[in-house]
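The structures considered in this document are given below.
In what follows, subunit A forms one complex with subunit B and a second complex with subunit C.
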Partner chain A sequence: MPLEEVTPRIRTFISESFLDGDPGGELTESTPLLEWEVLNSMNSALLLNFLREELRVDVPLSSITAANFRDIAAISKLVSSLMTVPAEGV
Partner chain B sequence: MSLHQLVIDAAARRPDALAASGPAGSLTYGELDAAADAIAATLGRQGVRRGDRVVVWAAKSPETVAAMQAVLRLGAAYVPVDGGSPVARVAAIARDCAARVVVTDRARIPRISGELGPDVRCEELDAPRDPAPAVHVATAPDDLAYILYTSGSTGAPKGVCLTHENARAFVDWAHDLLMPGEDDRFANHAPFAFDLSVLDLYVAFRAGASVHLIPPELSFAPARLVEFLHAERISIWYSVPSALAVMMRYGGLLDRPAPQTLHTVLFAGEPFPIAGLRDLAGWTGARMMNLYGPTETNVCTFHEVTKVDLERDRPVPIGIAASGDRVWALRDGGGIAASGEVGELVVDGPTVMPGYWGHPPQRGPYHTGDLVRVLPDGAFDYLGRRDQMVKIRGHRVELGEVEAILENHVDVAEAAAVAVGEGADTRLVAFVAPRSGRDLGVLAVRRHLVAHLPRYMVADEVRIVSPLPRNGNGKIDRLALKACADGVERTVHEPGS
Partner chain C sequence: MEFDWSSNQRELYAGMSAAVAERFADYETSADPELVRLAWKDAASIGLTGLCLPAEHGGAGLGALDTALGLEAFGHSCSDMGLVFGVAAHLLSCAVPVGEFGTDEARELLAGMAAGDLIAGNAMTEDEAGSDVGRIRTTATPSGEGYLLNGEKSFVSNAPIADVFVTYAVTDPTAGFLGISAFVVPRELAGVVVGPPLPKMGLNGCLAARVRFEDCLVPAGYRLGAEGSGGAIFQHSMGWERGCLFAAYLGLMERQLTECVDRVVGRRQFGRKISGFQAVSHRIARMRQRLEGARLLLYRACWLLDQGQPDVTAIALAKTAVSEAAIANSLDAMQLFGSAGYLAGTGIEEQLRDCLPTTIFSGTTEIQLELIARGEGL
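This part shows the complex of A and B:
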């Protein structure tokens, strides 16, 4: 899946799951998700689950870093790069 | 005996043994001792004297531990502030305790220096330093060792003062209970500003063992916390139950066999839901203990988990008196509660603080505000709070303080914070009503909270509601908000609707 398709899906998931739908439309690709505590331990686990179930991407432990999860742009880039490696069952 | 003597003694005994290890490096006891003296020499030149306060605002690292040791060696008290805390809060704490110096990483100095008064200096934690001769200022048992700032009901944080005697009474008791060896490897999960860290650091130092600092950035990734436990070959783990619950639920803790090294699991700060504790006990044969005590008293009761406890349908008891303290339950109408009765837990003894910074001294027994039931064997079951204070992942949070910060936002007309759920699932939900004609978004509120509060007080969820629901008396209807936050009822009814 190309980056331009990955990004909106991740944005929609974060907005609907953690930001009450983001009624003000403030969420951008560079919103600092870790710094603003949008991704805490529970939410990051839910996001990883979404990536696994919906986008068929299993993020390896070594890639679960603050740099890779700091904002939507970084997460999308990571997910896209992992998608280029064919995952089982895809 | 002083708190800092523990490192001095361990350094004399085992200079080459590992003392503290962090993500960016580690220090042996000899190196920790030398680093503490070198930092103490610099702080001494900055004018730090016995009885002063020094704020230590830095990411967790062995050097941060050395800075805390340095402050103690000068006879001063350190005031640890979590590296993730916002500048505004650090400045407020430094002002409140009239700190002489703020020790912090080089990158943070430009952010904080303009916020401090002209008499407060900044000291760079990571500056290169020349070796310095040993610094030993004599301290008395009732000299302050550290001040821990906790959430205050009046809207401002309050500083819990702890003396060397307070700290040593707890550390010596915990050491004798656990009897750790020199090969033990303690995990440090709690931030240094949280009293759980006192056990990790100082019981390890008393034993000449090592402490392994968990970087806070791992807290968002439970699977990496689990990896840390294995990779660092941890033998003694101490955290809030929520951390273990998150590791079990989201980190795959139970999917791998427990590390052979792990022999003791301690938890404190909140009740451990019994189902989760059963799962943990089925995974590890480690000794497990529930430690209890507010910051003001440190650990004042404890209970070792037994097989019988795991068959109960409620959390394990908080147990019996610890640390040389006396504890009892005071009935509502006065008098000591007997077996089966409920009362407020009261503590007296060597770990009870002398008071809050800048407030009149605490005299006599400390009333915890926690309700307990007296069990037939004299131990206590924890029942809940008498007041509005809530626990979020083991951290105490005064809802009034969160609300005061929310209402400081220029676009906020009124706000309310509620806690919903139980145990590790407790969530802090903020409801905010914007001023009329103002646009206010969820992320703007979140950014405001992060700029003024420590991480653990930032709401898990923010909802914009206008206006807030009111009950018949015209007060904010907190029950309706809780029901809404709980998902029982997703729509808040507006007055008159």
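This part shows the complex of A and C:
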């Protein structure tokens, strides 16, 4: 799935799941999700579940870092790159 | 879909049950640190302290479901649930992350942990940080070849007898949940201060205390995983704990149910066995129903872990079901035993006290329900 399709899926999930639909329209690709505590421990677990179930991407623990989850742009880039990695044994 | 255990799993459960019964059938709960340590030695001698640790470090190399079966056998045949809890927490929330994310230097501690020579305590909870890991205030500041730890952990199971701690501290205050790093900290390091045992209402065979780090210099080789991955490592270890540790409570409920059936069949009132009263027999039926429902959810959550799919909702469903069943069944057992159950020393009131904290530790029921509800898109 190309980056331009991944990004809106993730933005919609974060907006609807964690920001009550973002009525003020403040969520952008560069909103600092960790600094503003949009991504806390519980929301991070839910986001990882969403990525696994809806986008079929398992994020390895070594990739769960502040750099990769600081904003929607970084998460989308990570997810997109993980989607291009062929599954083991294929 | 396969609901039955394999022959290997049957052997594992039967063998572990027999070994635990041989050592702990007559063992009574003790909070004496020396006796607790001796009990740990007995548990270690039959492999309970290393069930899922790699074989090269002295463990049995079991997966999550088989580890759960081993701990279920422990809970079934040992009535000191504090001891069972302490051993399971040592294994799942301490040894597992050291084994999976530790450097070679950190992994040198694993053989001792698998053998029960090194007892570990999980030092995460703080006064202002329980379910919300991102609120911890303990800091780890780079210093020379390591980190200076400063802060206080408010409830550390096993702490009074622990030789090593797995702890979590903030390394990047701007990164929230992902600004936390994990460390393994030998108790012998300067600056580790363990408080007196905390008085508790149950799980008395598991001593707990506050632990303070005062300019404690931890070698960089004792950091687990990358800087900032502590939050994710903690969640990973909680997946194992919420799955496997709670299997011990399935064992407790199975033992308790046997005791209750014996009680209602053996006791006569108004000229007949009290099991002949529907109000009594249906209480037993409800106990079995809760136990089997919880068992299926727990086995499935552990099976998913073994498939590399640590499903948050499945684990939350299992944790909630087991803990709520354990409390409800213990209340039923108390009712079935009447005044005999209320007396200290008969085991029934101890079961209730040991089950009450299950809806609190390893993530409260409230948080588990929140995770389940959010999984439904709410």
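Just so we're on the same page, the second predicted complex is superposed on the first by the 86 of 90 C-alpha atoms of A that agree within 3 Å, B and C clash if a C-alpha of one lies under 4 Å from a C-alpha of the other, contacts with A are read in each partner's own complex, and residues count from 1 in each chain.
Rule of thumb we're sticking to: a contact is a pair of C-beta atoms (placed from the backbone, for glycine too) under 8 Å apart; a residue touches a chain by one contact, two chains touch by 3 or more.
The model shown is predicted, which means the values in this text are computed figures rather than measured ones.
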{"item": "Contacts of A:Arg52 with subunit B and subunit C, given as first, second, both or neither", "value": "second"}
{"item": "Partner chain(s) touched by A:Glu35 [first = subunit B, second = subunit C, both, neither]", "value": "both"}
{"item": "Partner chain(s) touched by A:Asp22 [first = subunit B, second = subunit C, both, neither]", "value": "first"}
{"item": "Touched partner set for A:Glu4, first subunit B, second subunit C, both or neither", "value": "neither"}
{"item": "Subunit C-contacting residues of subunit A that also contact subunit B", "value": "34-35, 37, 39-42, 44-45, 61, 64-66, 69"}
{"item": "Subunit A - residues contacting subunit C, complex", "value": "16-17, 34-35, 37, 39-42, 44-46, 48-49, 52, 58, 61-62, 64-66, 69-70"}
{"item": "List of subunit B residues in touch with subunit A within their complex", "value": "217, 219-224, 227, 246, 249-251, 439-444, 446-447, 449-450, 455, 458, 460-464"}
{"item": "Complex interface listing, subunit C residues touching subunit A", "value": "101, 131-134, 172, 174-179, 225-226, 228-229, 231-236, 308-309, 311-313, 367, 370-371, 374-375, 377"}
{"item": "Subunit A residues touching subunit B - in the complex, by the definition given at the top", "value": "18-20, 22-27, 31, 34-42, 44-45, 61, 64-66, 69"}
